[in-house]
Amino acid sequence: MRHDGRKTDDIRKVDIIPHYIKHPEGSVLISFGETKVICAASIEDRVPPFMRGQGKGWITAEYSMLPRATEQRNIRESAKGKLSGRTMEIQRLIGRALRSVVDLDAIGERTIWIDCDVIQADGGTRTASVTGAFVAMALALHKLKEAKQIKKFPIKHFLAAISVGVNEGNIAILDLDYIEDSKANVDMNIIMTGNSEFVEIQGTGEEATFSRKQLNEMLDLAELGINELFLHQKEALGPISDYIQTPHLLVEGEK
Amino acid sequence: MRHDGRKTDDIRKVDIIPHYIKHPEGSVLISFGETKVICAASIEDRVPPFMRGQGKGWITAEYSMLPRATEQRNIRESAKGKLSGRTMEIQRLIGRALRSVVDLDAIGERTIWIDCDVIQADGGTRTASVTGAFVAMALALHKLKEAKQIKKFPIKHFLAAISVGVNEGNIAILDLDYIEDSKANVDMNIIMTGNSEFVEIQGTGEEATFSRKQLNEMLDLAELGINELFLHQKEALGPISDYIQTPHLLVEGEK
Amino acid sequence: MRHDGRKTDDIRKVDIIPHYIKHPEGSVLISFGETKVICAASIEDRVPPFMRGQGKGWITAEYSMLPRATEQRNIRESAKGKLSGRTMEIQRLIGRALRSVVDLDAIGERTIWIDCDVIQADGGTRTASVTGAFVAMALALHKLKEAKQIKKFPIKHFLAAISVGVNEGNIAILDLDYIEDSKANVDMNIIMTGNSEFVEIQGTGEEATFSRKQLNEMLDLAELGINELFLHQKEALGPISDYIQTPHLLVEGEK
Amino acid sequence: MRHDGRKTDDIRKVDIIPHYIKHPEGSVLISFGETKVICAASIEDRVPPFMRGQGKGWITAEYSMLPRATEQRNIRESAKGKLSGRTMEIQRLIGRALRSVVDLDAIGERTIWIDCDVIQADGGTRTASVTGAFVAMALALHKLKEAKQIKKFPIKHFLAAISVGVNEGNIAILDLDYIEDSKANVDMNIIMTGNSEFVEIQGTGEEATFSRKQLNEMLDLAELGINELFLHQKEALGPISDYIQTPHLLVEGEK
Amino acid sequence: MRHDGRKTDDIRKVDIIPHYIKHPEGSVLISFGETKVICAASIEDRVPPFMRGQGKGWITAEYSMLPRATEQRNIRESAKGKLSGRTMEIQRLIGRALRSVVDLDAIGERTIWIDCDVIQADGGTRTASVTGAFVAMALALHKLKEAKQIKKFPIKHFLAAISVGVNEGNIAILDLDYIEDSKANVDMNIIMTGNSEFVEIQGTGEEATFSRKQLNEMLDLAELGINELFLHQKEALGPISDYIQTPHLLVEGEK
Amino acid sequence: MRHDGRKTDDIRKVDIIPHYIKHPEGSVLISFGETKVICAASIEDRVPPFMRGQGKGWITAEYSMLPRATEQRNIRESAKGKLSGRTMEIQRLIGRALRSVVDLDAIGERTIWIDCDVIQADGGTRTASVTGAFVAMALALHKLKEAKQIKKFPIKHFLAAISVGVNEGNIAILDLDYIEDSKANVDMNIIMTGNSEFVEIQGTGEEATFSRKQLNEMLDLAELGINELFLHQKEALGPISDYIQTPHLLVEGEK
């Protein structure tokens, strides 16, 4: 039994509100329990210099937290004049993950800018960001498709992310909140696609280590959690989700 | 008649949701029409170096916009590595205004950090920020009072801000939205206290000028608008508002 | 009676030396009492990216103080690697004010760079900067006219700035020096054109507030002071001043 | 068969030259094939502010490449004025990994600074850096032990890192060089300790994804490679390696 | 005959106005022909961290040019956010030179800040800066002596700087102006003390080289020029110059 | 007799290893005693903006030290976010010196980037850098000549640099190591060409001064040292050295 009553394989309450802010081509407010992130997708009609002339698109992400999204106020990175290593890691991760499920050739020389702004943090901000960003991006690309600016809907698979870990009692657990995360021996973020493949695995012993057996337990939990996230994404996307291949395990689940 | 059906002396629909995020000592989500700002007040138990040893508190503000709060995506100031002049002007303005209605001696050697983060912009982000920040600050100071960390409630007067301007038809109007703001000949921000005094007047001809008569028309409109804002602030604060002197014009209005 | 013997409606001794440095297209050394500013106007034959292709010109200003222009030495902003909020506010103000009296279409795709460098500060550096910058700009534009690079002289009206305030005895005073400024309850900067219109009003209660009546007293003083500044500007410009519409109040005064 | 004649489970020629530069407390030049990194360990007699007063030590790492370590010259990060996200990720990874095998309490309030400077890059610079940094750190800590500044040798386990991946032919391979890395579908870095536990797993599909089966193949390869690296580390450390628990698999191998 | 009528061994008209600005402890406006520099000396009652606790003083210099001190407007270093290499070289040079003639022990734990701000540039700004800074520093130290904050006047020798060069006709010349400097084959700056010793020699072939014979010709010219500068410094300092050992060559010249 | 047994006119053991790293067009590892510098020359097929369209090439240099090249660890300039004045001075010096012996017209619109990275420092890093950079550049330009991208070999003369100084016993000495440098009264760097001309003389009294006689003694020593360096450069370049005019003194020496 976990401190908030969840079992080891329970994720927190997930909520995805589409079209949360009015200007972006796509946007959501996603909650994983008390963690809340505004994800916005903006479309720009050009690509960065290193991509020009290839007829291909690009997807890039930025991540930030409001100063008081956390228990203690953080100094703004704009005030410090530079991004922390943590921020850079997360935004590189989000962009890379989204690119793995999009046919970049199909979006032409356009950039999809993803902005993930955490307004309240309680663990799992990067996994909520990836999961919400996927929906915001799908909304934006659908708008592009509706406007006939692209011919086919370019998203190949669903994509979601969840954290797993090994707690201080050496038990593998799913979707850690802040209290669990701050005490965990191992912290791992998993990103998977609808066809049950991995896009990213990042596991770290926090002044600790982990065995192959524990790794396998964590991967099993992650697959469960991501499957649930796919259901929430499908619901938020409504009919747009028909353009994307139904997640493999959902299909199996229905059998 | 204005483009959204308002009369010259109408403000937009105002909404103030207190306790909007859970970590800060005080927070609100304030809306002036489609402009939405999260205002958070954090209390730190020390003051900046230039204030130390005086037994007095300090209030400072930071302001930012999400990149896609606006019609066109803006580059993050954290990515650019520096704050724009506009951002600096606004955050200096918010801090200065709040300090004018607080008894800094009464809060001891503490800093109140105000964070105003615009999640959706449609004109008037600085006036919504000041107006919402006042409420967030009052909530935080009330918590400090409840915890008996300060003896008296240190806010002397209500404080709110509104924009006024002269439109392209040379008519003075109240609470400009983005469309009006982008075409206005004159743009003016007024901050007033509950006892009907000015804290700040900033009026600028945008490649245009204005007469003393127009100035007076704008000041009259501002007083009307600010009075309405006081009503919204009182409602959001509930019984806490009893600690603050009732705005002068509300008292008069009741007579 | 003020600490230096002036009456409430006296400005300090004003001195404007045209052509003070040799390289700029226009330059002055302006003194408001002990405040001394070198204002230089440089003409560049292109406009910033956001203005290109419109056939219009642009005017932009930069402001700085020598480190020891002040009683205490200030760290150079070049050494700190960033501009302070105060510097940004002032340079945005100067540029905006000058643009309001120039026909930007008439100068073609050129940028007028205004540099205001304070070599000695004793209060009122921003108002001296605006007032001196106007003359430097007029000298530079006259040179452009003489060289037949522009067809008509593009300055529509005179422009000058003065500070007003409410002192610690609650009396409205004109053109505050540093001692007065540091004790004032209210500090206001007014920029007006030759046709008696406002370009900018910026009034701030310094941990204090002010009434509508006090505002009106300050505006009356400002108009007096600015009228005197127009006389100094006319004298410094000599025959060039004939290209600009004579200030309204000077005309009235002559009647 | 791979482009350089290696089998899928072959690592490149590894070479570790201890005491490569004279000033640091510990240093090596490590080569993984044509990848060459100078690793230096410096001991400072204090810890960063967030660690003070806990009686514990800290280990932190910095990583850089000479501009022409690569095929194309890179702009120096000192010239750009900021670190790239890639650099930050790598240096955080190195520090975190080293901290997982050191008893930080046993080193007292000291910081071990690890500098990894790549002088020639051909893939695997981060894994060579971790592997070489471990040896440099052990040399430095041994010097501290010899000088009787610490009581016990604080390293608990060996630590090494290797890359694995899935190549464009969908085959799992060990220790990718630059040519392989630039074409790989999956790129994974594994850091393990002498007792066969994981410290870090970072696997990324490069605009591609990977299955659980492929993950397992890669983990098997990594274990093989890391075992070989332990042999090279033991040899480079000579008698100092006796202070550290013999890697588990080496013990098993000997049976 | 040179372009401005000077002979090869003539320096330009030199003018030193002491007490040019009112706030600094010492200040001058120095002119070498059309080159004009404001030099200010400020005294701070502490030394930088690396000097603390030694009972010794420190002298440091900063150098800047107004943007339009030159024929073409330069971008401000504060706007660029960093100092150019040229600026850094010059300010290091000025500080180093001044330190060589001051008894740092005699000034106690104080820092003399030297600010050299070029308001008009026509070649030789660094030599004018050193020469003027010496006088400003002497004025400031004299004030310290008068206030009995130091026991003895701490300046040991006069100090001045001049440029020499080899022009495009291969002739050695003294005190190059901008036109000469921009065409010269060799550019050399010499700083000497009153006892005819060198403090600094910096000679550079500008995409050219120079012989030992030419070096000797340039050194002879420099000695002549510096001797003249000592006369100007003595005059500007008036009776304060009696505290400093009379320059060697002036004594000889009088015989 | 010096602390390491050298006579006043002895240079340290010099070693130049050509082709030290594989990617650059030219590279060496140069040692002056315990000072070791990797010099790399990279060729880019364009010039900086200020040189475009002139049909001429450009040579520019960057210099850095590994953090632990020195006795005490230095903070990386990339971590500080800016280059020190010392670094800027040195890299400007290296670029300027190399440009003085190359026919920039003959290399066409190309930039030669020189990177000097000090991996171990023991005095004389800038002179070792210039001397090694010359060889790296010659190797790179020879590759360009072999590839028939340029018609003639563009290096006109040999170029080398050495330090000289006056030690604490007031004796002139050649090629100072770190111990000597840190105690010297005078520190001078001399760069000369194969035809016995000076390219650069930079001499500084370190809180001390020097006489004309001492200057001459130092220049005599420098010429001796540089002559020896030419022999090492010739050897490292092998047959490539035949493309460059034999140093004047070597020719004389052979007579």
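Note that the chains are named A, B, C, D, E and F in the order they appear, and that numbering of residues resets to 1 at the start of each chain.
To be clear about the criterion, a residue touches a chain if its C-beta (ideal position, glycine included) is under 8 Å from a C-beta of that chain, and two chains touch if they have at least 3 such contacts.
Owing to the predicted nature of the structure, the values given are computational and were not obtained by experimental measurement.
Peer 1: Among all the other chains, which ones are in touch with both subunit B and subunit C?
Peer 2: Touching subunit B and subunit C alike: no chains returned.
Peer 1: Counting in whole Å, what is the centre-to-centre distance of subunit C and subunit D, each centre being its mean C-alpha position?
Peer 2: Subunit C and subunit D have C-alpha centres separated by 61 Å.
Peer 1: How many angstrom between the C-alpha centroids of subunit F and subunit A?
Peer 2: 52
Peer 1: With chain centres taken as the means of their Cα atoms, state the distance from subunit D to subunit F in Å.
Peer 2: About 35 Å separates the centre of subunit D from that of subunit F.
Peer 1: Pull out every residue in subunit B that's touching 2 or more other chains.
Peer 2: Subunit B, residues with two or more chain partners: 81-83.
Peer 1: List the ring in order: which chains come, beginning at subunit A and going next to subunit B?
Peer 2: Cycle of chains, anchored at subunit A and oriented toward subunit B: A, B, C, E, F, D.
Peer 1: Once bound in the complex, which stretches of subunit C touch subunit E?
Peer 2: Interface residues on subunit C, with respect to subunit E: 21-24, 27, 34, 36, 38, 40, 42, 44, 62, 64, 66-71, 73, 76-83, 87, 113, 115, 117, 119-120.
Peer 1: Tell me, which parts of subunit F touch subunit E in their complex?
Peer 2: Residues of subunit F touching subunit E: 82-86, 88-89, 91-92, 96, 99-100, 104, 188, 193, 195-205, 207-212, 215, 219.
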